[in-house]
Amino acid sequence: MRFKFSITALLLEVIFIILFGVFVEYDAGSVDLYAYFKDVHVMIFIGFGFLMAFLKKYGFSSVGINMLIAALGLQWGTLIQGFLHGGVGGKIRISIKSMINADFSTATALISFGAVLGKTSPVQMLFLTLLEIAIFALNEYLVMEILQATDTGASMTIHAFGAYFGLAVTLILYRPGLQNKYENKNSTYHSDIFAMIGTLFLWIFWPSFNSAIAAEGDKIKTIINTYYALAACAVVTFGLSSLLDQRGKFSMVLIQNATLAGGVAVGTCADLAIHPFVAMCIGSIAGTISVLGFRFLTPVLASKMKIQDTCGVHNLHGLPGILGGIAGIIVTAVQPETKRGVQLTVGRQTAALSGTVGIALLSGALTGAILKLSMWGQIPDQNCFDDSAYWEVPEEEKLPEILLNNYNEHSRVESTMWTFIGCRI
Amino acid sequence: MRFKFSITALLLEVIFIILFGVFVEYDAGSVDLYAYFKDVHVMIFIGFGFLMAFLKKYGFSSVGINMLIAALGLQWGTLIQGFLHGGVGGKIRISIKSMINADFSTATALISFGAVLGKTSPVQMLFLTLLEIAIFALNEYLVMEILQATDTGASMTIHAFGAYFGLAVTLILYRPGLQNKYENKNSTYHSDIFAMIGTLFLWIFWPSFNSAIAAEGDKIKTIINTYYALAACAVVTFGLSSLLDQRGKFSMVLIQNATLAGGVAVGTCADLAIHPFVAMCIGSIAGTISVLGFRFLTPVLASKMKIQDTCGVHNLHGLPGILGGIAGIIVTAVQPETKRGVQLTVGRQTAALSGTVGIALLSGALTGAILKLSMWGQIPDQNCFDDSAYWEVPEEEKLPEILLNNYNEHSRVESTMWTFIGCRI
Amino acid sequence: MRFKFSITALLLEVIFIILFGVFVEYDAGSVDLYAYFKDVHVMIFIGFGFLMAFLKKYGFSSVGINMLIAALGLQWGTLIQGFLHGGVGGKIRISIKSMINADFSTATALISFGAVLGKTSPVQMLFLTLLEIAIFALNEYLVMEILQATDTGASMTIHAFGAYFGLAVTLILYRPGLQNKYENKNSTYHSDIFAMIGTLFLWIFWPSFNSAIAAEGDKIKTIINTYYALAACAVVTFGLSSLLDQRGKFSMVLIQNATLAGGVAVGTCADLAIHPFVAMCIGSIAGTISVLGFRFLTPVLASKMKIQDTCGVHNLHGLPGILGGIAGIIVTAVQPETKRGVQLTVGRQTAALSGTVGIALLSGALTGAILKLSMWGQIPDQNCFDDSAYWEVPEEEKLPEILLNNYNEHSRVESTMWTFIGCRI
């Protein structure tokens, strides 16, 4: 991994700097959106990073590689989005809004990272990031500029896209050896609490995520809708988590993830005048399908369909993203609105949703096939979900293990001795 | 717990959605206050949640049930506050300010949660949340609208109210079996550091808490007063923590809690022109009584008065809240001001303080009596302070325990064998 | 420590309150900068605190003493900066901007705290804070008012100053006994993840740090430059971290620290029209020298030059701070600009950089000599890097140790017995 990864990363950075030098300029915009940018920034680096840190031995990679993907991706996203959206006189102009969009673009790669978490190498993630962000930008251009659909909170273009892209990648990278229960795929008490840091910062700032690029006059509606959708979603998730457990106990994986599904699902239509109680309905349904997905669908996907979705992104981003798209279609059908000067139509919204999922699945499968090439040097199954494959890990953690080994060795020696004494006495 | 909790939670959500559908509309307000809302939101979900995560085996509940209470409570608070404050044409209008007030209302239930932490079930907390937020809203209406007292940072209406409500509940729910020292009531090294995440986010954003609903022109004063009150309080807390320990060592429970007392105590008069050095005096006194409360009062309350205050909310919210009320009375007496068009008077402020504490104690005792009904199925003492009563907890945490048991069993067998050999040889 | 520390802290607080009473008044400023203040506040209390929490047994001190230093320092900084900058009619006027500057002033003491972390007592840190903040304010006055140099993001006046001051202190306080590898100087798996909380909040909010006191019209440029400098720096750090390891593995200490060097280095010229790609170059070079510093320079400083730099502040703040100063000189030479009505010159910038480093080294050495006086009661080497010297630490942490001791004792007894049996049989 030493040279493959480092040469790739350093070379990419050199290329980015050159491209920035040639194509990028400051925009004379205002800093009004900076407050929204910062919240999105916290969600990307703290939220996504810590949410994935629930695994016992994969916290360094979750938080660290999350940072790497986002830092790399935001530069690449700036360039790709800039090229696509034209730019004045061939130049890409950087404003706070373009920084928000750059951060957004990295979210797709981070969602896909959740699907393959523990099974890919850092160098594979570099290429996944490059490919996915490029395709995301193309798909977003298709949805926003060509189809002229609405998706302000990006239920479809970020969440569904990132999830189905990642699921297709993980399907292609299927590892039969990981079907057995893996000790390292579990969480620990403290790793679950670290993950709650991610959950809560995502939950808290989600209204900013959905409203960041909403029109000025729509921001307040977007914030209100997202706030109540998330609140309803959280209560429903707690209720169902207890209901579906035989002893009525809460499940951390559900609380960490399904509580956020409301924010995903309300994204597409959060800036429409849907009424707060409709937002709460969307949030409640999102929590429900997310909980059901984790309980019933994820095991089936893994065992029957060879889709090993480490973080359950299908339940947090995939299904709620589709729900968001469908909600957008229904709202458009019921109550026609105009966005950015264009009449929203059921047809445009439906095309946006199906196009996004289709493109994500196809391009994800293609990306998976590229990542499967032997040149990347796949890690063996037994090193999956283990930071020590890619990180220097402090040794002290192994103390209990040492004790256990000592103890076992001790018992073994003793048994032999007892047998020996038994013979003598 | 399975059906009691889940049916209650899901039913409540359905009722909320219906009530929102009937009564709630968007307000055409601006997003100016959104920056303050977000800070309060972080304090409610991260601040309160992690502050309570100091217990060895109760981190899931602290962070998780905190989220549940707040997500449920903010919907309920929106409705109750909306009904009380009238609304235009019978409708409740949602603005950023009403969202801030909704978040505020949940703070009372979260403070009371700190008093009963580890001793109540989630279903009991649902009912506590409903009852407390309703009574809080009534008391706040009394203080602000009828008495027309000032309490911008809510020293009285949130902090003192939440604390004395919770103390009354915990008195009624008294468990003699918990008087003995409980292993699970301790912290661990890392749980104490998790708690500091809560402490620091509360400390950092407290100026926003106190200024969120202050008049536009008073915000800067409120921010400055809270900032310096907290700084003085923190230094005094460190000084006293060392002074009161025989070996001069700092106590984590004091640093986690008493450093925040200055923010509580300066709340009532933070938006008055009290001068920064007066704010620092209030902060210093708050730190002092908080430290003294933890050291000397809490043990007495537990042993003599049957008040088992798990997080010491009396010292963080109760006493500093009363101090805040008294400071408000003194400031009003010394330097009469006009707030919202009304002349502040010593009488109104005194009535607000004593009324708030009285209502909190009475309604808390009543709520405690309701929560004591056998229909809720109290958990046995030995399951208190233990997440595994309500959560699926990762197993691996028990490794050291397994080792210890193995080791003890091993020693026992060996002793028997030695005796046996002794007889033979 | 009991009386020395507590009397000092409490006495200082009394003095501060008196000085505030005599000299400090509210300023009638706006709250416009409050959004920037809050980010800086998070960086100071969460960012610096958790970044230093990587040590196995020093998390309480890192997070707690960080809070103490900052809470004390911001009051002292307010006074010192206020006295230096005159004030209207002999009064110091508090605005959000002065609060930002007060927080900034504490950053120097926190950086120096990183250099001596684990080796000084809390009472020593009180005096270091007082001395350093006073000298920082003088040096800042020299740089900004007398030399009229530019250093908006404070690469020189905060980062280089804090680092070289701290390095001089640690040189004077040199402890030969700590040269051997110390078990407690290591991290644990979870302490490294705690540290990443600090890293990420610093990384996320660094654009606010650099732009907080930039002129309104320069803020957007400053934010953009810092954002891309950090992104480039992070990618380069990951690349080099892998490249420099024999097995290509990432090093947590590098990811925690060197990823931030870009924010430090771009500080001086972030508000100049340097073009984003130049910011990225500066960030990349900063990451490179920071990584190289950690790998090659820190061991040499410790073994050859008696500079024991616990957190490696030389690599995060020292070298990148100097780089920032040099970048400022070069930019000034290439593209002359006017700041605050004054033409920037190479001479002024060079004088600012060399003056800052010189003053930091001299005053740091002097401060070290004062802290070395026997009256402070140095802790013995074996208590270094151990919270239990100054904090009540939860006992449960020692379980594995107990097990190990039990086990060893057990083995010892057993061996004796075997020998005894051997003789008998």
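Note that the chains take the letters A, B and C in the order they are written out, and that residue 1 is the start of every chain.
What we mean here is this: a residue touches a chain if its C-beta (ideal position, glycine included) is under 8 Å from a C-beta of that chain, and two chains touch if they have at least 3 such contacts.
Predicted model, so just to flag it, every value in this text is computed and none were measured.
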{"item": "Angle of the C-alpha superposing rotation, subunit B to subunit C, to the nearest 5 degrees", "value": "120"}
{"item": "Same vs different contact residues, subunit A with subunit B, by half of numbers used", "value": "different"}
{"item": "Inter-centroid spacing, subunit B versus subunit A (mean Cα positions, whole Å)", "value": "33"}
{"item": "Where subunit A touches two or more other chains, by residue", "value": "35, 190, 197, 400, 403, 407, 421, 425"}
{"item": "Subunit A residues within the subunit B interface of the complex", "value": "35, 39, 56, 186-190, 192-193, 196-197, 200-201, 203-205, 208, 219-221, 223-224, 227-228, 230-232, 234-236, 238-240, 242-243, 245-252, 255, 259, 273, 275-277, 280-281, 284, 400, 403-404, 407, 411, 418, 421, 425"}
{"item": "Complex contact set, residues of subunit C against subunit B", "value": "1-3, 5-10, 12-13, 16-18, 20-21, 24-31, 34-35, 38, 41-42, 45-46, 49, 53, 57, 59-60, 63-64, 67-68, 71-72, 74-75, 94-96, 99, 122, 190, 194, 197, 390-397, 399-400, 403, 406-407, 410, 417, 421, 424-425"}
